[in-house]
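Two complexes come next, and they have one chain in common, chain A, joined by chain B in the first and chain C in the second.
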Partner chain A sequence: MTSPGRDAALVTLLLASVCGGLALAGPAVGPADALAAFTGHATPEVRTIVFALRLPRLLLALGVGAALALAGAALQNLLSNPLADPFLLGVSGGGAAAATVAYAALPAALLGAVPLAAVVGAACTTAVVWWMARGPLGGSSTRLILAGIAANAFTSAIILAVVATAPSTRLPGALAITMGSFAAATPAALAWLAPYLLVPAAVLAWHARDLGLLALGEESAAALGVEPGRVRQRIFLAAAALSGGAVAFAGVIGFVGLATPHLCRLVWGNDVRRLLPRVATAGAAFTALGDLVARRALSPVELPVGVITALLGVPFFVALLRRSP
Partner chain B sequence: MILLESRGLCGGYGGSAALREVDLVVGEGTCTVILGPNGAGKSTLLRLLAGILAPTRGEVTLLGRPLPSWRRREVARHVGYLPQFVDFSFPLTVEEVVEQGRAPHLGPWRPPDAHDRAAIRRALERMELVPFARRPVRTLSGGERQRVLLARALATEPLLLLLDEPAAALDVRHQMELVAVVQELRRGGTGVVLVLHDWNLGLRLADQVLLLKEGAVVAAGPPEALLCPKLFRSVFGVSVRLLGSDTAPPYLVPVGVA
Partner chain C sequence: MAVGRCAIALLVAAQAGTLAGFEPVLDQVGALIAAGPSARIVTLAPDVTELVFALGAGDRVVAVAPHCDFPAAVVSRPRVHPGDPESVLAAAPDLVIASTAGNDPVVVQRLRSAAVRVATLDITSCTRLVEACRLLGALLERVPEADTLATTIAQRCAAAAQRAGRLPPRTALYVVWWEPLIVAAPGTFHDDLLRLAGLVNRAPSGGGRYPRLDPETLLDPALDLVVAPDERESRPLFAKLLTRPAGLRLARGSLPVLWLPADPASRPGPRLPVALEALVAAREANP
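Moving on, here comes the complex of A and B:
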């Protein structure tokens, strides 16, 4: 397929996820009714379902998917490690641990700070994992994955402690952070998420070429003009903000950040400047479609979306692990 | 013209100074070869000269200006550096890696223009990589990878090239090819600094040789002045014989552990 052809396929996939999220997300409103909501011929109930429930949820899924995919792409290049992913490295877990602690402990007036806590938690975990993964002779895939296991174990312990001790009024909210779901989407949540997605995305776009050079390691990138210290810091913060923001508004969702960048590299090559917008689009579409499957697969029971992304992502991870040197 | 100069250069990893008091001048169109046993500080010296590692004492000047006063990207435009080891975990193709060599000229946004593409093409052709251009580098052999990295350094078209063991994995033909490339670069005015393990290849290529041992310069000068078996014996810990005749160039042969 030609390059415009591949882009057209990606846009089609995105449109399919948008139409699916609006028209097929539940039995109450079918495609014809959903279309009527847009042409102004629908009942108020249908309009509420489409515009107040399905649209915010769809936009949240798209935004979180884009954020996770971008975070994965950034971490993979920054650590020159194709197995890096915010979920596997414990970055999402760190964000979730900090967010659940904040959610359980903060007074109601300060709950707006939960996303910030998630970002700080994600940033701290990223830094610790990076530090653990670098031995005296540099990093390796094995060390990185082991560091991720340690971080995930530690953050799970914190989350369990919070769940065991949280006041009953706060328990469902704290649990939702660990489950991964877009059910809590509101226009306000979308407005909060926007800066956590857009600012880091702009930082990554600015450093796209540097990210490409970092794929072959820091020394190699430094030799080609990258200031490793400063660039590394910015990209780390951007990846932490993307992962933390995603966790704060939708909970822990794994494997989007791992699978999407890889599939995009297979299709579009390794030029990060070309890759980033496509990774974001593909991540958005993948997650929105995942949410659709999560809602409809065992309808009327709704699965956490992380179940679907993991069921699709784990076989992918296994394949990647088998192929990595 | 002096391209690069170091004065009293010290530096290394983990507190203990691996390298002590290195003075070096690299002129336009000259070739400097650094020889020494494992752990002598050869790679550390190259990293210090490339500005990738900050010195603990002393300084490096590029075109007369101290290295820290340059922006990293400007240094990379003038100084090409071939690291000894590069992590090819990512499935980058040969062409994608060689294209990276133009990054110092492009900045964050500018796409490659005709001049950049011509430089990439020339580097691929010079290193005989055109048939591999679309292959992932990690599927290539050690020597082929080394040629890819050398092509990347050439694509930058720098004033000065710092090459860390560029010949280590090359077969004989490609070693000779490397010699030809270095000679060509010198004729074009490029300064070349190489770390080599092959003494005779080094002595044949160099305008000046630096012999390093345990972080210090043991001897420095033109190759003729260093053709001394005793010197090589004391630096490398092997017995050495000097061969040569009217028809063949002098040749140092290690004959056993001293």
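Moving on, here comes the complex of A and C:
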């Protein structure tokens, strides 16, 4: 398939996820009624379901998917490590740990503050990981990964402790944070997520060329005019903001940040400037489709979206990996 | 000679125990509970505690699970952690009573392997509650009291169901938690409450006893009403839901919520008929 053909396939996938998310996603309204909502022939109830419930949820899934995929692509290039993803550096874990602690401990009237706790947790973990990775001669990719692994272990332990001790009424919600869900999507949540998505995405776009050069090695990149220390710091912070924002509003959704960049590289090659928009699009479409399956597979029972993204993504990823040269 | 006397004494004691009702019984998960005394009882769930006290055996309860708060005499009892066998064993019980609703079967097994008699109740309906009363009556040598309690519960449930039979059938969800939306599925005692109150549970099977549902389910026109325990903790979450699109029908009043007294509706114990009667009364007020 030619490159425009692949791009067209990606856009088709995105459109399919959007149409599916609006027309097929929930148990209360079927595709025909959902379509009627767009032609102005639907009841107010149907319009509410489509525009006030499904649309924010779809947009949140698209935004979170794009954020996770972008963060994964940035970190894989930054650290020259194919295993790098938002979880490897502990940022997602920090956000999830803070969110689960807040969910289990806060009075019911204050549960609206859980996303804020996740953002604070992700930011604190980012700062700690950055501090741990700094040595006498500055930071390095290896130290950053080791610091991230340590932070991940610590935050995982916190989450397990919360799950083990949470009151029975709070346990399902705490578990939902660790498995991902877009059920709490609202226009307000989207407004909060927007800066966490748009500003870091702009930073990554600005440094796309530098990211590509950093993959050649720091010395080569420096010889070509890149300031490795400053660029690494900015990209790390951008990836952390993307991951923290995603966890704050959707919980932990695995596999998207790890696999989507690899899938896109297998299809479009390694040019970071060409890759980033496609990674964002593919991550958005994949996550929205994952949410659609999570809602419809056992409807009206809702499965954790993180489980679906892994179940759907792994076979596809393995097939592509086996076919690649 | 002394050994022989001891053996005879033990035999006589065992025979006396059997005559007094110390007979092996099967609990509600099919485990055989050996004959033995029940002078030091530990209860691992609030509904179990309430049943033991309702049978008049509360004075033999030496420790209870942390959330046990009814009847008032329970409040001063020492607490054990139901997930920690050591904490249970430290109370030196000769009988532990657990529930499938909240107790880990692995912990139950570990207690049994430590030679402790453990009876597990599996109360998934009013009928099973009546059976549990009689089982505990046999275990605690409170057979007349258990018969009385079981008969009272059965009669009250039957009377409430008869009243509900005169009401038009409706579809309903039993909401355990508002965000995420957790409901009671078929096979739970909550489902049985709905059935006895003439309601058809809209929660699906196959997603576990308490599945998480898509919030859009609350906007399904085929759903007539929602039943929920009136818990202090859940009220703010309900109020929050009213401001969201998923709570539109609730906010407009086109999807009524029938609130039940929290503890009786959340514990399949002797107060379960209170919850059922409250549900039927609420239905009669909102036919």
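One rule holds in what follows: the second predicted complex is superposed on the first by the 239 of 325 C-alpha atoms of A that agree within 3 Å, B and C clash if a C-alpha of one lies under 4 Å from a C-alpha of the other, contacts with A are read in each partner's own complex, and residues count from 1 in each chain.
Simple rule for what comes next: a contact is a pair of C-beta atoms (placed from the backbone, for glycine too) under 8 Å apart; a residue touches a chain by one contact, two chains touch by 3 or more.
What you are looking at is a predicted structure, and each value in this text was computed from that prediction instead of being measured.
Judged by the touch definition given at the top, the superposed model places A:Gly40 against neither chain B nor chain C. Within the superposed three-chain model, A:Pro4 lies out of touch with both chain B and chain C [touch as defined at top]. When the shared chain is aligned, chain B comes close enough to touch A:Glu219, but chain C does not. Using the contact criterion defined above for the overlaid structures, shared-chain residue A:Ala109 touches chain C, although it does not reach chain B. For chain B in complex with chain A, the touching residues are 14, 47, 50, 52, 72-77, 80-81, 83, 86-93, 96-97, 100-101, 103-104, 106-108, 138, 156.
Within the complex formed with chain A, the chain C residues making contact are 102, 177, 179-182, 204, 206-207, 210-217, 219-221, 231-237, 240, 244-246, 248-249.
Residue ranges on chain A touching chain B, taken from their complex, read 76-77, 80-82, 136, 138, 141, 206-210, 212-213, 215-217, 219-220, 222-227, 265, 269-271, 324-325. Chain A meets chain C in the complex at residues 25-29, 45, 48-49, 52-54, 107-109, 111-112, 168-169, 172-173, 176, 181, 183-184, 186, 295, 298-302.
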